[in-house]
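Next up: the structures, one after another.
Two complexes are shown next, each including chain A; its partner changes from chain B in the first to chain C in the second.
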Partner chain A sequence: MHDTPLQPARGAAAQAPATSGRRLLRLTADLSATGEPALWALGGALAFGVILIAGFLFMISLNGIVTFWPKPIERVELASGQVIAGEPTRAGRYRVGQDVLAKLSGEQRAMVQAQDGYADRTLYKTANFDLYGDDFRWVSDYERKNVTAPNDFYLFERQQWGTFVGRIKHLAIDGKPAAFDYRLMQREQSAARKRFAQIRQIERGDIGAVNYQLDQQRLAIRKAVLRHGEDSPQAKAVAARAQSRIAELNKTFAGLQERLKEIRAHDQRYKATLEEVGGRTVDLELSQIVRFYPANELSMIDKIGIYLSRWWEFLSSEPREANTQGGVLPAIFGTVAMTLLMVVFVAPFGVITALYLREYARQGRLTSIVRISVNNLAGVPSIVYGVFGLGFFAYTLGGGIDALFYPERLPNPTFGTGGVLWASLTLALLTVPVVIVATEEALAAVPRSMREGSLACGASKWQTIRNVVLPKALPGIMTGMILAMARGAGEVAPLMLVGVVKLAPALPVDGFFPFLHLERSFMHLGFHIFDVGFQSRNSEAGKPMVFVTTLLLLALIVAMNAGAIYIRNRLKRKYSGPQF
Partner chain B sequence: MKAKTYFTALTAGLALATAASAQQKVDPALASYKPVSGVSGNLTSIGSDTLNNLMTYWAEGYRKFYPNVNIQIQGAGSGTAPPALVQGTAQFGPMSRPMRGTEIEGFEKRFGYKPIAIRGAIDALGVFVHKDNPVTCLSLQQLDAIFSSTRAGGAKAAITTWGQAGLKGEWAKRPISKYGRNSASGTYGYFKEVALFGGDYAADVREQPGSSTVIQGVAADINGIGYSGVGYGTADVKAVQVSGPDGKCHPPSGQAAASGNYPIARFLYIYVNRNPNQAMEPLRGEFVRYVYSQQGQADVIRAGFFPLVKAIADQDLKAFGLLK
Partner chain C sequence: MSTATAAPQEHRSAETAYHIKAGTEGIALDIRDFNLWYGKSQALFDINMPVQKGLVTALIGPSGCGKSTLLRCLNRMNDLIDELRIAGEIRTAQFDIYGPGVDVIALRKRMGMVFQKPNPFAMSIFDNVVYPLRVDGIGNRAILEETCERALRAAALWDEVKDRLKDSALGLSGGQQQRLCIARGIASDPEVLLMDEPCSALDPIATAKIEDLIHQLSGHYTIVIVTHNMQQAARVSDNVGFMYLGRLIEYGDTDTVFVNPKLTQTSDYITGRFG
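Let's turn to the complex of A and B:
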């Protein structure tokens, strides 16, 4: 090392008198010795990494944040005489093909030629899928004759069939035709939405409860038959009891059904007749309109209001239209529930394993092998864990549980298929190496003097571990948990095998005993992103949802991590107290 | 071969119906769905990703009548349906192709009877190119020469540039980049059987994990061509006409698919484990009835497929013992 400045080329300088040698040596010091290039390389690497991450976050946020902002509606008259209306979504420049040019009129061709053979085109979201059979349309600038932004065009978000763009022709209030009036319609629509919520409540809550009890009775009969045999007196007694209860429940159900019919009939009397730009009309119950607004007449405050109400809908409601619209509440719930459950499993197992390995086990070849195996586990592809989870947890364990405890439900599996429980166990397996390694490091970092002090005071080994070592190591262990949580919440591939589904409207928690249903499949934000981005019918309409959902997933992970870091810091303060 | 027989049945069944209009409409002869009481429980559907959205629409619609029914839907490809049915992890196995002999055998070995299928919708497989591509019509032989390495359809040479597919000018020299589905997909199998005449895919077909991924690939690639369910098309791609058995070019419309003139159209199936000695329990039986109702077939249009006519619905309901 000391020879480095004395390279042969500088031999002469080295042999020079000592007085000038000092100066020369400073000048000719080797670059690698000063550490300057290493500093630049490190700084550069950091800057590169930060730019990549910042760019990624910027792209996600930019696309995610603007999605819900209301856009204007343009009415476009085309050269062909057709008229379309829609939200302009994006634009692009392209080279017009020879075959297209050949079909254009002289005027249009001149226009294209004036732009060196290029043309601009805009993608309009024309909506109205039920009438047009598509929801987007490209319009080139040479096709456009006249573009206006009419004030009487509204955008409707419908419960079914997606959005509608058009005018409101007239209303029907309580069965009587009424002229269109924005305030009136707003009032009636919000009343209609209340009716819709009421219908939902009866369907989900009241009828749901009746159906649940009916199902319980049917299962009770089947259970009795399975246990005692088809013709046994016990089975018959159970069946008789269940039948009378079923008759009762059916009566309740009929009553509820009647009430639903009434509300629906009333609801039918409130309608709007909508007219698309071409003149075709659609009749729509007001309760089917989730939101409507005059797109070209909005003030800034209106826009902010719509923006916020869309966010609220996104966070607090169920998905509609095969997940491409509405909210993601079940997915948020599923992600959080699964991650927390995973922590519940992974924390004790990881910490106990590490404790034994570090504190009790004799350090030898066997513990080294165990350590190497644990470290290697962290490198197994996550999909392999998924396959294991499916084969072992769902099929073998779950199938066994079903055969033992839920024979009356077969062939419908209860635990014998993917579910929250199996998914979180699989992820716990996936993340346990992280926790073990972090815990071991944290334990190793506890100074020997502290242990010896404790032992010297007469504490047993376990007392030392519990009262001295573990508290001191807790922040380090928490760091491991945070890493595990971040990894678990972002993992999707194995989940697709062990319980994540496209649609699982029933949350794993509800009002029926035992309240927590760990066998249920669940929705997950990560899978939601994959599904909406790559599987939905209309990928164009699904794209903004992908960005919004990604933004949400990132925010959720940041929030969970921030929570864990907050707890860690509190622990640190609590246990760092006075020291010798 | 099997697909052919099914398809003859399709054409025969549809011939009974009045001429389908260009705009998609549900056959008015189909009954509107009437709910019964006491349907609740859990249903799981595992299978085709082509049918993923349609199953979701059906599930949403079905839940409107039976709020306490939980339907879970997984769609990773038609190939995942038969094992799920055999294992009992799913009650419905949506598939975009009929089950293979070996798959039926595996099921029969476990249960002692064959699974039965309902035909829920008709899907025309669209051949998509970039929106600026001037190509209008391709024959099955041309598709075979583009996508296969075997050319079982009788084409003399492989087609690798758009010029060979009949385009002129700037397009003549452009290479064709091909997008297809992965092998777990029923769409992959069906296209292989019909458009490739049973041959093998060329090695340079880019296999995509989902129906809409194919569309996104073609949308971003001016030289691209790909096949996917016609309902997945967006404004960024163009569905090419395909010349049918009558030698004329047909767009992938409901009418052309139903008449058999559009050659790459198929039924979408839902396979069910139905013990022939037992009546089907209402939870699944009512779902089947819902699929064949006005509402169920309107969902088919919403999902971008073509609805069925009453003749086929009655045939299937009869097979399930559900025809009243």
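Let's turn to the complex of A and C:
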């Protein structure tokens, strides 16, 4: 009696073969029933995504990793009789235009026609921008007469004017002419670089400090005048004190100038005369040569050494040559500092907002509207936040701060212009919806039983949230922070309005009180990519830097996220052991 | 004992039958004419139930009959629910729990509570036990340590965890976690211990340990326990209240209710013939 529901099925199976001769029950399940086609679609979508991301990473890595590898130098004799020398950077095939074809000699035309009107060409980095007015030159195969790889061609990375390709004619060591010797030149060049660093240190560090103090004195006078009036005894006393200090500082300044002149004069006595492939020569102080090597005579170990030293320079020094060469240390520093500041602002703000919204606010229409608005804020284009940041933070708030606290510096703005503080606040505003949403979800996921357990112990609502809910929700909140960080670190558009610059004169952190200068503008890797790739005088020269900087930005974001994920996992282990 | 005065309805065969034991120490909680509504639907009807001091009172009945709701009214845990309305009163010796000006937090400190699922906090065992004292602002290490040991001994957990008080409470087994929750419930030395199906998520051995514990604690604390398990109610309780559809049907001493119930409805439920 109890198995009645099975009866019809059993009956049908038994009768089917007798009536129709067909089996109604198949041995294999229907394809649609097992979900097999859906499985293929789902897996395919995943595979597509993975391939896209892997391809993207592969492209960036490949282009970024090879950039610093030293390339050989080719000397090319052209049909026109001209000779060029440079690094072959890339090659391609193109269709030769009719007007060009018309100008070619018969032999060359035959060559092109043999290839159906196409020709191969190679882009040479000829460098020597100061002499040629260009860094690159395309050479088509029909123009090329003879290609050699001469051993006496060197590649020089210069402090100014970029790269130089050519021979070394002779040296001047301590004012006396000397025959060229690679070892000698290497030794003298590294000594000259030390002098260069010394000059830099005096210019930037010592003279910078004197200038800073001079500025402080000037501002002190101005402040006293603004506060007490032009002819008041207080202002006069301050001015007198400041004047004596200024005189002192000026003496120091003159001393430093003197010392600088000495070193420079000494430096002038060490020079190299370089000769480009066409025979024109350039005199160059050894201290102006950042790096030089015989491109066609390098062993593998030499190449690895140059490769690593270029990476080190990239990571540890300041940019030169309109950001297309040198390092990106200020940009790395700016990116990290701004992102961390942003986290400092967004974390409490977002978490507190979410706490109120989820735990205290009466859940009703108003909270729904607030919640929807917050979610919509995440979709506002970031440049809009940039405009808001500039208008509200920099001009209104910053202008107000200047008027109140820095009247003596006006009309030069202190906080009233873009700076790392306003940039991180703008980004905090941009990312706060992410944090709010993640925190709300994390709070909602805390089991009711835990809250009740705490309340039943006589804990107040705040004690419950503080001791039980927040610790339990912390990993989820951290996930929100990680998402916000990833978004914020990669954002560029709003930063261009609120404080990012092409070349920052000083880092936001230095040795002068208060050490952390939140009002200063800064450099950012994302903007650096844009600037090098699209704003420099020579985008071809900047292209490798674009990829390297992109690689670095990715690595930096991955590193910051990995750090945050590590912290989150530790918290997770701490707050949720093996659950019952 | 007085009886409820609600109008008779068809599902109710008779008015509540009362035959509780003569209280030795008086009444700990006196529930009088208690009604409760969730929004528009009424969940409790005219509950009249004196809970005797120092005894174990069990609430039994089918799912959804209002046992847990009634229990959670005793320490006002239901306050968290919006649109909740009550009528009637629950009196302790001194005051009405739902009276005006009652400090809910102070009230809950007098009522330890143990939940259906063990809910230790993500803290050390020690911090879990002394949590009620900590939120009360007691920071004296000596007092906390003494309380922790006393509560854990009372909850028969001391010997198992005394060497790892600093370890996370989440590393304990389910039965140990539940005894930890009991220790937490009695740490602030409350008058009443409320237990909402404390063994429903535990295996039989852990259940037996908890039941032993309830035996030991009775006398010292007034215990109100909600359970689905008839045998458990018979084993641990002194008085049993049988509830059905939001009404207290029969309330009396355990031996009588289980051996010789006054109402057929009760005996139907107890013998499993119900519904």
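Operating definition for what follows: the second predicted complex is superposed on the first by the 543 of 580 C-alpha atoms of A that agree within 3 Å, B and C clash if a C-alpha of one lies under 4 Å from a C-alpha of the other, contacts with A are read in each partner's own complex, and residues count from 1 in each chain.
Please note the rule applied: a residue touches a chain if its C-beta (ideal position, glycine included) is under 8 Å from a C-beta of that chain, and two chains touch if they have at least 3 such contacts.
This one's a predicted model, so the numbers in the text were calculated from it and none came from an experiment.
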First, second, both or neither for A:65, with chain B first and chain C second: neither
Which of chain B and chain C A:453 touches, first, second, both or neither: second
Chain B versus chain C as contact partner of A:467, first or second or both or neither: second
Which partner, chain B or chain C, touches more chain A residues: B
First, second, both or neither for A:496, with chain B first and chain C second: first
Touching both chain C and chain B, counted on chain A across the two superposed complexes: none
Complex contacts: residues of chain B adjacent to chain A: 23-24, 35, 37-44, 49, 52-53, 56-57, 59-60, 63-64, 66-76, 87-91, 131-132, 134, 168-171, 209-213, 215-216, 231-236, 273, 302-304
Contact footprint of chain B on chain A as seen in their complex: 94-95, 97-100, 123, 129-130, 133-134, 136-138, 160-161, 203-204, 207-209, 211-212, 214-215, 218, 246, 249-250, 253-254, 257, 320-323, 394-395, 410-413, 416-418, 496, 501-506, 520-521, 531, 533-540, 542
Interface residues, chain A side, partner chain C - complex: 447, 449-450, 452-460, 463, 467-468, 471-472, 574-580
In the complex with chain A, residue positions of chain C that touch it: 75, 77, 80, 105-106, 108-109, 111-113, 115-123, 131-132, 134-136, 168, 170-171, 173-174, 177, 181, 184-185, 188, 194, 201
